[in-house]
Structure formats: C-alpha cells, structure tokens
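First chain A sits with chain B, and in the next complex the same chain sits with chain C.
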Partner chain A sequence: MFDRSSQTLPGTGERGMASKRYVLEIDGLSKRYGRVEALDDVSLQLPMGEIWGVLGPNGSGKSTLLKCIAGLVKPDEGSIRINGLSPSRATKSVVAFVPEINTMYRWMTVAEVMSFAAAFYQDWSKERAQELMEFMRLEPGKKVGSLSKGMRARLRLILGMARDAQLVLLDEPLSGIDPASRDRIVEGIARQFDGEGRSIVLSTHAVDETERLFDTVMFLRDGHIELIGNAEELRIQRGKSINDLFKEVYA
Partner chain B sequence: MKAFGRLLWKDLELSRLPMLINGVAAILWQLFLRTRLQQGWPAEAVAALLFLPMAFLPLWFVWQTYQSLRTEWREDTIYTLLALPVPGWKITLSKLTALLIEYTVVVGIWALGGLVIYWSPLSTLVAELFQGITLSWFIRNGFLLYLMSLGVFASFIIYMQVAYITAKVVGRFHGLVLLWVLLLQGWVVDTVGTVLQPVFAWLPSIPLHRLFNLDQVPRAFMDSSQVLWDLSGSIGSWLAFAGLFFLGAWLLENFVEVN
Partner chain C sequence: MKVEFDQSRPIYLQIIEDIKRQIATGVLKPGDKLPSQRDLAVQLQVNANTVQRAYREMELLGIVETLRGQGTFVRAERSIVEETRGDMVSTLVEEFVTAMQALGYDAEAILLHVRQKLADTAGNGGERNGK
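Entry: the complex of A and B
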C-alpha cells in the first residue's frame, strides 16, 4: 500500500507550478448509492494540457467520478469546478464525455450521429471528425445498431475527440473491445492530443495498453484515492511500469 | 434553433412507426365499417363506431409519452441527452412537439380517410338531415375542434412528462411515485385554476356559438343558441400547466441522474 500524502500531488508540485492553469478542481467529493460509498472524499486538481489515467478495478468509483464531472451524476458532498464553474449546462459545452456503453441512437447512421453532435457543440470540428472517421475506418452510411462493439467504441471516441473540448472524459474506452480496435483507439487518442488547450481524463483497468498516454495516474479503491502521482516519477521511484504498479496495488 | 430542430428530428423518428401503424389501423377500421354499413348496419351505430379510435387516443398518447421517455433510459441514450449543453425545456418541448405532430398526422389520416371513404353517405346525410349546412362547415369546425384538442393532448403529455421525470428523480418506487404525481398534478391544476379565477374575471367570455357558426345548425339539434366559454376559469389552469412544464424541464436538467 502507498501513502497518498507522500506523493507529489500533480499540479501542486514545483514543476511548472507558476504557469499551471487548472481545468478541473475537485474538493472532498463523495457519492453514495444506498450504503455503498462510490466516491469517498476525492480531491484533485487537473492542469490544462495533461492526460490523467484514473485506474482501478471494477467498482472502484472510476465511472462515478467521470459522471460527476460530466454533470450526469450529482455528488452528495464536495465540489467540482470546471474552469471555476460547477457542472452545469455551461460546463457541458466544454466537457466531452465518452461513456463506456453505447449511448447513441441505434437507428442513426454514423453520418447522422456526426451531424446530430455537430448541431449542439460549437467546438465541433467537421474536418477532425472526417479525419477520425477515416482513421477509425468507419463507414458513414452504417447504422449504429449494425456496428460491432469495437466499431461503436471507435464512434464514441470520435464524438469525444472531434470536439475542441477543454476537458475530455473517456470512461473505459477499451472495455470489451477487440485488440485491433484497442490499438486504433489508443493511437487515435495519442494522435488527437496536442497538449494545448485540452486535458483528458481516461478511466481504465487496461493499463498495459494505455500507460504510455498518461502524464499522471490516480489509483482508486472503493471510492477513495489510493495513490496519485506523476506517471514518470512513479516509474522511476518504484522502478516498475505503471502496469506492474497497478498489479501490485490491487494484488 | 438548430439544436431544437435536431432534437425534434430525433423524436419524430421515434414517432414514425406509431404514426404509420395508427394511420393504417384507422383506415382499415373505416373500411371495415364501410362494408358493415353496406350490409345494413344502422348508420348511427357506424357513425359512433367511427369515432371509437378517437376515444382511445388520449390514453394512447399518455402511453406514448411514457414510452418516449422510457426508451431514452432503456437504450441508455439519456446519457447523450443529459450531456448536451441545452436547456431541459428544449428536450421536453421537442418530445411534446413530436407527439403533437404524431397526433396531427393520425387525426389527419383519420379525417381525410373518413372523408374519402364516406364521401357518398356523408353527402347524402348532410343533404337530408342538416339542410342548410355545408360540408365546409363540418371541415372548418372539425379543424377548430382539432386545435382545441391539441391543448388537451398537450396537457396529458405534460402530466406524464412531469410524473415520469419526478419518478426518476426520486429513484425508488417508480410506479407509485409516477401515479401519485399524476394525481397531484390534477389537483394542482384544478386548484390554481380555481384560485386564480377571480383574478381573470374581467376577461370576456368567448362566444363559441359564433366561433363555430352554430346558428347554421337546425334547431332540432341545438337546445340553446348561445354557447359561452368562461376564460377566467381556464387561464389559471393554463398557467399551472406552463408551470408544470417548466418544472419538469428544470428537474430533468438539474436533478435527473444516469444509472
């Protein structure tokens, strides 16, 4: 087990502190479902331009955390600030939430899904959506209902990444996806992230394939933060990969 | 406007199949009754049975409203809806509008189908029984009745929307909460209408007999030549409906959670 207090909290250390702007600030966030503590006193500060990995096994609170940030679940306690604002209609226009499950209308074609999303988001980039669609090898005329699980995951990623959203929340983007689609998705995230004006929070337990993306990793267990730190510093300090660290933490 | 247009397009797509089924069912029902009429069924019975589908429409649209919202949860598309940076009223209004369009299409098919299929007996009936009344009088008044019924249907849809959303906010005992909120809303609308009635007492009554040109109807069919609509009792209820509509939208935007 690791002591959270011994870690340098990303965004609070000396490295680049003066110039850091936080796109997301969470303080004392808690959420309960009946007697189950889904999130327990979670606090963090996410600087602009970083990719964070929220790691943990099933039921550790990853999805609940992302849903709270997206404004789809209301916290019981604590505060969430996105560019200084609580989750609301205003923050939804700068946050792109990519859920784990298919949430698009099954009768829509891929092209219709794109134009549906484009109608609501001013930061939608038609060119980027087109480029991603080609990269992900999605056919515009295919109906969502006829797409494979992997193809639907690719489509969801496009919906999140085709926007110039300041904060992109990717909830288990690789869950239950075939290896070919997993590689495409990870590559798609890496290609689209330029580190400027955008931050990504990616929840996953597929650490092996995603760890190269992360600037910072946060390990969740039973709703509370078990360990948080700069990915590179953790690798050096512990002398192992994040994937091995993940196995150790949740052994 | 573009966002609302997309929401409406999406909701209309979901209404397409019910529209088709109801439209075809209405025509088949009319054709069936036409054959019965030719076989000697009494014209009064056929006329009454012709209106039978209309009697089920309010219930059908309450069910459709329930389905329209339930589908969003069942298919997980509620994630998409709630993540959109649009006010809740646009989401509920697009559903309301789509259902009213669906109602219009079904009623339109029923009315047009009726006119075409029963043209010959209708012309005879009008000529024999309602001397002096033109067919255009029926069409005009039918259209006015349709406009009034839009308000009634909108109120049913709002009732169900608010009840469903409230039940989702509560999260437990879904059916019970839904039923209870439906009943409570009826009481609220009635009470607000009664309480505000004196406030709007200065409003003139609407002479429905003039609006519907009832002076053309033969005395044998009408007891009174004057039909007045006291608006003062209705305005409060309309305001209550508007309040309920925005309450539902506010709850949807601010309190509803995904699973």
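Entry: the complex of A and C
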C-alpha cells in the first residue's frame, strides 16, 4: 500500500499545484576577495515559505552569500532579486539579517535591546518578541555584557524572528554555544515558522542539530554550489542523513 | 519534549508511521482529531512544511481527512484500524522475511525459528499469567 518510491513528489517543498512565488532569486553571483573566490557563480531561487540550510565548512562562502543578500557586501558579478528588487533601502524592510557576531551594546539590558529594536524596525512585533523572550528564558533586566554566549545567541535570534520580515537570514546561529541554547534556538525557529509569509536562510556547519528544520539544503564549497536539493528527497535518494551526506561531501 | 528521528530516512514518513502506529494500537481512534499541523511541528521541532507533507500523504492514503476549518481527523470508518494494522503487519513480515532470507534461511528454517520463539514467549507469558 505504501510504496516509498512512488509516494515521493518531485521538487522542493512542493505546495500542491499552486505556482510558486520566489522571495529571493540569485543569478550568477560571484565575489572575489583578492585572489580568493568567496562566491563563484551561485544561482538559486528561494520560494516563499521555505527554510533553507546553507551548509559548508568555514571559508566556503556561506557568510559572504548571506551578506550579499542583506546588501552588506557588494558582489562583483551577478544579480540578486528580493521580491524582484535589488538589495537596497527598499529591501531592508523585507530582509532581516542576523549576523554571527554581536552588534548589541553591552551596557544595554535585554529589555532595552527590545525597545531599541521596536523603535528601530517598523515591522517589529512586540507580541512575538515577548513570546520569544519568555520561550528563550531571557531575563529582561540583565545586561547584554553579563549574558552567556548562548543567551546572547538567543537574544540575537529574537532580533531576527520578531520582525515581520519576509526573508530572515541567520548566519551561524548555533556557532560556539552550549547544547541547551542550541536546542532552544532550533525549537524557537520551528515555533516561529508556519510555512507561510516568510522564508528563512540559515547558514551552519552544525548540520546534525539543524537538518530537521530544512526544506532545501545547499552545500557550498570554495564559493560554489556543490550540491543542492530537497532534504527529504536527498534522504530517500542517498539513504543517509544530511549530516552524513555533509561528512561525505567534505571528506 | 524532543522526539528522536532517524535522520537517514525522510522525516515526513516517520511522522506518518508514528500516526499509523497510534491508530493500529488504538491510541488514536476512528474520528479522533489529530494535532494541528502547527502544533505538531512545534512538538516535533520540525519544519511546518514537513508536517504538512505528512498530513497530505495520509489524506491521499485515505487514513485521515481534513474538514475545512475544523482540522484533520482519523477517518471515521472502523475498517481504517484493520487496514492500518494489516498494512503494518505486511511491512513487519516483509522486513523480517527479507532479513532472514538475506541471512540464508529457507522457508522451513524461518518457520521453525518463528514457532520456537512463539513457544518460548507462550511459556514465559504462561508463567506471568500464573502469578
């Protein structure tokens, strides 16, 4: 009754026969730093309502790709379209970029960071921020400087997820933090994502903890796409986890 | 709560298997409401699209039905339990027989092992019941 091979549907994160709307379209993107090819002819189309994992070791171009999409790095070649527009002032309200490093003032309290963000971002949702803050077990009165690395990573995630941005870019949200915080962050993402109205691009090399979140995974190597596909289809085709596939690709 | 998946197999299939198991063992009964897709995604810590795919496949398989605005329910027919059980039994038997054949056992030997195991189990069960 249940034939695994015939039950699988082609394509990525297919949502019936409805035509896809792409929130992000990249064509032939390249970026060079001196002699290093940070991005080499990257092309992709990200439909609305999906979570993508950008996977690769350090220096594979993950961060550069996210920064190009956020409009923080100017590519040498190729085009980026966010809702049909080039990265600019207009797309800043569509894209929420959460960097790997801290950009919050150490002397601010968690509550102050929240009200600062509420004033700064027009699409800030106070209710969602509150809900996330409770879920992440962040104490409003604590100063950023006194938070552990894990707690600061949780706070960063809120800065991205509490906005009504259509495209959320999370750069290495799990890097260098404790397992409990990793779990909270993965669960927080699952909680805030409903498959509608928003897409998330998450770069990481912590594949084991995050792979259950992804519709599509993209493996980067030396700035080019080594492999891209629907996570469930890859599990069917290769008979292994994305994490094992990751180890195989970068062996 | 964190649910462990075998990440080498599609997650949506494992969600389907889990719900079928619940139907086959009577945890979920015909007509029972399934958790909302959103709630299940949060509970399992997976992408909402993965749960959506599992629910859609189960609809195609005739295990559940979605009523507009009300949610997803185990199909109300009693036969759905028998069908699901039958389905699981064929899978289990097929896996077992395939594994035994791979080890080089023929039909006779397989049956012998099954009978022996059943006799052992019946013996143990009898002792327990006798207490």
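Everything below uses one rule, namely that the second predicted complex is superposed on the first by the 233 of 251 C-alpha atoms of A that agree within 3 Å, B and C clash if a C-alpha of one lies under 4 Å from a C-alpha of the other, contacts with A are read in each partner's own complex, and residues count from 1 in each chain.
One rule holds for everything that comes next: contacts are C-beta pairs under 8 Å (C-beta built on N, C-alpha and C of every residue); 3 or more make two chains touch, one makes a residue touch a chain.
Since the structure is predicted, the reported quantities are computational estimates derived from the model, not experimental observations.
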Chain B versus chain C as contact partner of A:119, first or second or both or neither: first
Greater residue coverage of chain A in the superposed arrangement, chain B or chain C: C
Chain B versus chain C as contact partner of A:101, first or second or both or neither: first
Touching partner for A:140 - first (chain B), second (chain C), both, neither: neither
A:193 touches, of chain B and chain C: first, second, both or neither? second
Touched partner set for A:179, first chain B, second chain C, both or neither: neither
First (chain B), second (chain C), both or neither touched by A:242: second
Partner chain(s) touched by A:28 [first = chain B, second = chain C, both, neither]: neither
Chain B versus chain C as contact partner of A:89, first or second or both or neither: first
Chain B versus chain C as contact partner of A:213, first or second or both or neither: second
Residues of chain A at both interfaces, chain B in one complex, chain C in the other: none
Residue ranges of chain A touching chain B (in the complex, touch as defined): 67, 70-74, 89-90, 92-93, 97, 99, 101-107, 115-116, 119-121
Parts of chain B lying in touch with chain A, wherever the complex brings them together: 2-3, 5-6, 10, 13, 75-80, 82-87, 253, 255, 257-258
For the chain A and chain C complex, residues of the former touching the latter: 1-2, 4, 7-8, 13, 15, 49-51, 183, 186-187, 190-191, 193-195, 208, 211-215, 232, 235-236, 239-244
Interfacial residue positions of chain C with respect to chain A in the complex: 2, 5, 7-13, 16, 38, 41-42, 44-50, 52-53, 57, 61, 87, 90-91
